[in-house]
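First comes the structure, then the notes that go with it.
Which chain is which? They are A, B and C, in the order written, and residues in each are numbered from 1.
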Amino acid sequence: MADGKRPSYSLREIVERFGGELVGEPTTRVSQVATLESAASHAVAFLGSDRYLPLLRITKAGAVILGSAARDATGLPRIVCGNPYAYFARLSAFLNPPSPVMTGAHSSAVVDGTASIAGDVEIGPLAVIGRGARIGSGTIVGAGCVIGDDVVIERDVRLYSNVTIYHGCRLGERVIVHAGVVIGADGFGMVMSDEEWIKIPQIGGVVIGADVEIGANTTIDRGTMDDTVIEEGVKLDNQIQIAHNVRIGAHTAIAACAGVAGSARVGRYCRIGGSSGIAGHITIADHVEVSAHTLIMKSIDRPGTYTGAYPFDANAVWRRNAAHLRHLGELAERVRALERRLATKERSGS
Amino acid sequence: MADGKRPSYSLREIVERFGGELVGEPTTRVSQVATLESAASHAVAFLGSDRYLPLLRITKAGAVILGSAARDATGLPRIVCGNPYAYFARLSAFLNPPSPVMTGAHSSAVVDGTASIAGDVEIGPLAVIGRGARIGSGTIVGAGCVIGDDVVIERDVRLYSNVTIYHGCRLGERVIVHAGVVIGADGFGMVMSDEEWIKIPQIGGVVIGADVEIGANTTIDRGTMDDTVIEEGVKLDNQIQIAHNVRIGAHTAIAACAGVAGSARVGRYCRIGGSSGIAGHITIADHVEVSAHTLIMKSIDRPGTYTGAYPFDANAVWRRNAAHLRHLGELAERVRALERRLATKERSGS
Amino acid sequence: MADGKRPSYSLREIVERFGGELVGEPTTRVSQVATLESAASHAVAFLGSDRYLPLLRITKAGAVILGSAARDATGLPRIVCGNPYAYFARLSAFLNPPSPVMTGAHSSAVVDGTASIAGDVEIGPLAVIGRGARIGSGTIVGAGCVIGDDVVIERDVRLYSNVTIYHGCRLGERVIVHAGVVIGADGFGMVMSDEEWIKIPQIGGVVIGADVEIGANTTIDRGTMDDTVIEEGVKLDNQIQIAHNVRIGAHTAIAACAGVAGSARVGRYCRIGGSSGIAGHITIADHVEVSAHTLIMKSIDRPGTYTGAYPFDANAVWRRNAAHLRHLGELAERVRALERRLATKERSGS
């Protein structure tokens, strides 16, 4: 993904903009970020952990960002700072700005006449904008997106391709939505009566806060009567399922393939692992970390890390242990019996 | 999602239509359903469980639907009935009718000349209808849908946006398909020969019965030679995977992110939990309930609830227990040895 | 999915083309493959396992493919060969050739003028081809696909409908991509700083090797700086998540709903079960088999089968065992205490 004609910046310009202490030649110019392993001389790499010190010794990077503890671990031009990873992220964002908005609707897009579109919005080819939709300035709607009636999208939002947003949903400023995402489909609500399921109309909406990012093919259902809410700064990976009436607290990050069941409330600043699940109607406190492949079946009221994945093993070992697991209650009973018998024996002095 | 000009109905009109016993002022008018918590005076709420009695006391709803046991728990105008939740679902459907069919194909849709489209079908913008497809009256095909050659869709079906239906698949009456669903992609069939996978053509189809609902981004693969079958009244949540040659029995409900592997047969009236899995080539009886995050590895021949999720715990506790789980066979062996040694001791009388 | 006017072939023609020993009438003609159970007289079935011998006795197939051990298990015309399943796959592919390329771009497609499209490419209705994209001959781009800028697609690739490929990704020859797939969305990369997530630009790409097949709604993220790589011959089922910087070794097959976390490396010829997970930054050796619903939390350096699914049980049994599992460490401690006490007793001779 390299290319020849990128603008380059001297390390001096970079520290003037982003801070940090410059050690080594300040006129060194870099135009891109790279890993220690694959960096060429035009690139700046970073040292995120001591684990990568061997790579630091052999990197061909033109400069390196690192923490003060590693300040003398290389002779390369370097920027010493408190949080090299965050510094690197900001520098990378600077060197890789988002593609500019190409104002206007592509001639193949289908934009309803009653939609209210700000002046500097980009609407990609074959996108559909419904009746009464409102789209704020600086927003890009990708090719093939379908924006339902009365949807409200604030400014500087980025929708990639083939996103579907059902009627009446609302997206805050700077939200990023990746391809294939579906926001606002009906929640899974029905009731059994006379041996048949009766559908419960899902008349709530979805409200997405500012600065939320939503990964590819993730689905967020509309609420049954009230709204499903994703608070500001939440980051959702790919293929996540958020059921109706869920609320995800601000700045929580959820890894791919996780599912949050109906009416669950997840706190702020949580980190939810991949393929994990949150049961319906429970509440998770702020700052909770859930490990991958863990099902949280009841509410958690204090911060901490919670885990429930089965430890894998060679199949033959697993089979033996799993067989015993299915009789664990009996094993515990046998231990209890042993304790009683031995105590009797000990008491009898024999 | 509220709006001002909805039609309203008196409670008398409602009980005339849906039955139940009216207690309190019969001219009370309501125009929408709502939760006890968020209802305003124009809304009717329902009491689904005693758990919500505190909310009943403070609700601002204009009327409430409840069971006979809670008949006197409020002074509000109310409808007393046998199954308040089902009553509520029917009333909500009445107050929130589906959007009417806008007959005709949008000018941007691409409809093959050989397709057979009933007179009162709505085909949304940028939809594609393939050769020889047949679409029944009252059906709505959403924006961006791609309907393959020779697909048959019966009457009153609702396809939301960006749905893909591969060639030759068949959907029954009143089926609802949410955005991003893929029906009829190739099953995962191949055979290893000479260190390479040979693809097995998937020449079966998919048959979806009447009144099935399919959630967003769910995938249902076509059969290898015979059909994959979803029987009538099945309800599938979002992001479910149904593999080739599966049969799901009538009125079974499957929660989000579950997967059913190839050639499995799931019975009627089953309830399958979120992120659960059904192994290939097994059979699940009618009326089986599978808990969330549970893998069913072998056939189940009688009704009941089956579970296999790892109980989560604080990470430190989980680590300790999980470490022992990996040596459970040895622990059981040690208990057996203790039993033998103690029995010897007891027999010896010493 | 049967039809009347398929070309038919005599068994003699078939063995001339594909080998095997013909037993019985060589002029028997077949036009399609089918299962033993549903085959009619124009169809050829196969016996994949002795388990299906009862079906062999009652099949109405016109001919059967089987191994030498079952050579005399039927009087039907038959082809005896070493790997009946592989023979059958090849014959089915011959009898069910892919739909031919309909050269040209549909008038509704939006193809950027700077894209480089080979002469005999089919571009379906409402597809979008970005700036500088290159598409090789024989490739079919399905309806509603969005191919980003500078994407490179080699020859004889098949993209089904509504596929999204982000800018700069590369697909090898004969790759098959099913509907709803998203290739090249941003990896889930961010760093917490001052109580907010900072996004790390994802500037790597995705490289897909030749002969890879990708199932419906699967997502493959672009790398952070280097590429995410799917090597040749890999087969991915539906709804799989491949995170940034992952490498999947050649000819590995992954079943539906599995997830591979960031920077993991999976070996060649692995078989990864459905809904399983591979943790980030670990390495899996070649020829490893991972069972369904198993989380691989650390590297595996030797071939074999690895499992970690919780054995399901009737809910009441599961509850009891799961409760004990949460106290397994204490149980082990009690067993250790018993061992000590009994040893003391045994040593004392009392």
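One rule holds in what follows: contacts are C-beta pairs under 8 Å (C-beta built on N, C-alpha and C of every residue); 3 or more make two chains touch, one makes a residue touch a chain.
Being a predicted model, the structure only gives us computed values, none of them experimental.
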Check your understanding: What is the size of the turn, to the nearest 5°, that moves the C-alpha atoms of subunit B onto the matching ones in subunit C?
Key -> 120
Check your understanding: What's the call on subunit A versus subunit C, same or different interface residues, using the half cut on shared numbers?
Key -> different
Revision key, fill the gap. For the pair subunit A and subunit C, the C-alpha centroid-to-centroid distance in angstrom is 25
Practice item. Provide the list of subunit A residues touching at least two other chains, using ranges where the numbers run on. Key: 108, 126, 144, 162, 180, 217, 239, 257, 275, 309-311, 313, 323, 325, 327-328, 331, 335, 338, 342, 345, 350
Revision key, fill the gap. Subunit B partner, complex, touching residues on subunit A are 108, 110, 126, 128, 144, 146, 148, 162, 164, 166, 168, 180, 182, 185-186, 188, 190-193, 195-201, 203-205, 217, 219, 221, 225-227, 239, 241, 243, 257, 259, 261, 275, 277, 279, 290-291, 294-297, 304-311, 313, 317, 320-321, 323-325, 327-328, 331, 334-335, 338, 341-342, 345, 350
Review point. Okay, in this complex, where on subunit A does subunit C touch?
Key: 1, 32-35, 37-38, 83, 85-86, 88-90, 92-93, 95-96, 106, 108, 124-126, 142-144, 160-162, 176, 178-180, 211, 213, 215-217, 233, 235, 237-239, 251, 253, 255-257, 269, 274-275, 292-293, 309-315, 318-319, 322-323, 325-329, 331-332, 335, 338-339, 342, 345-346, 349-350
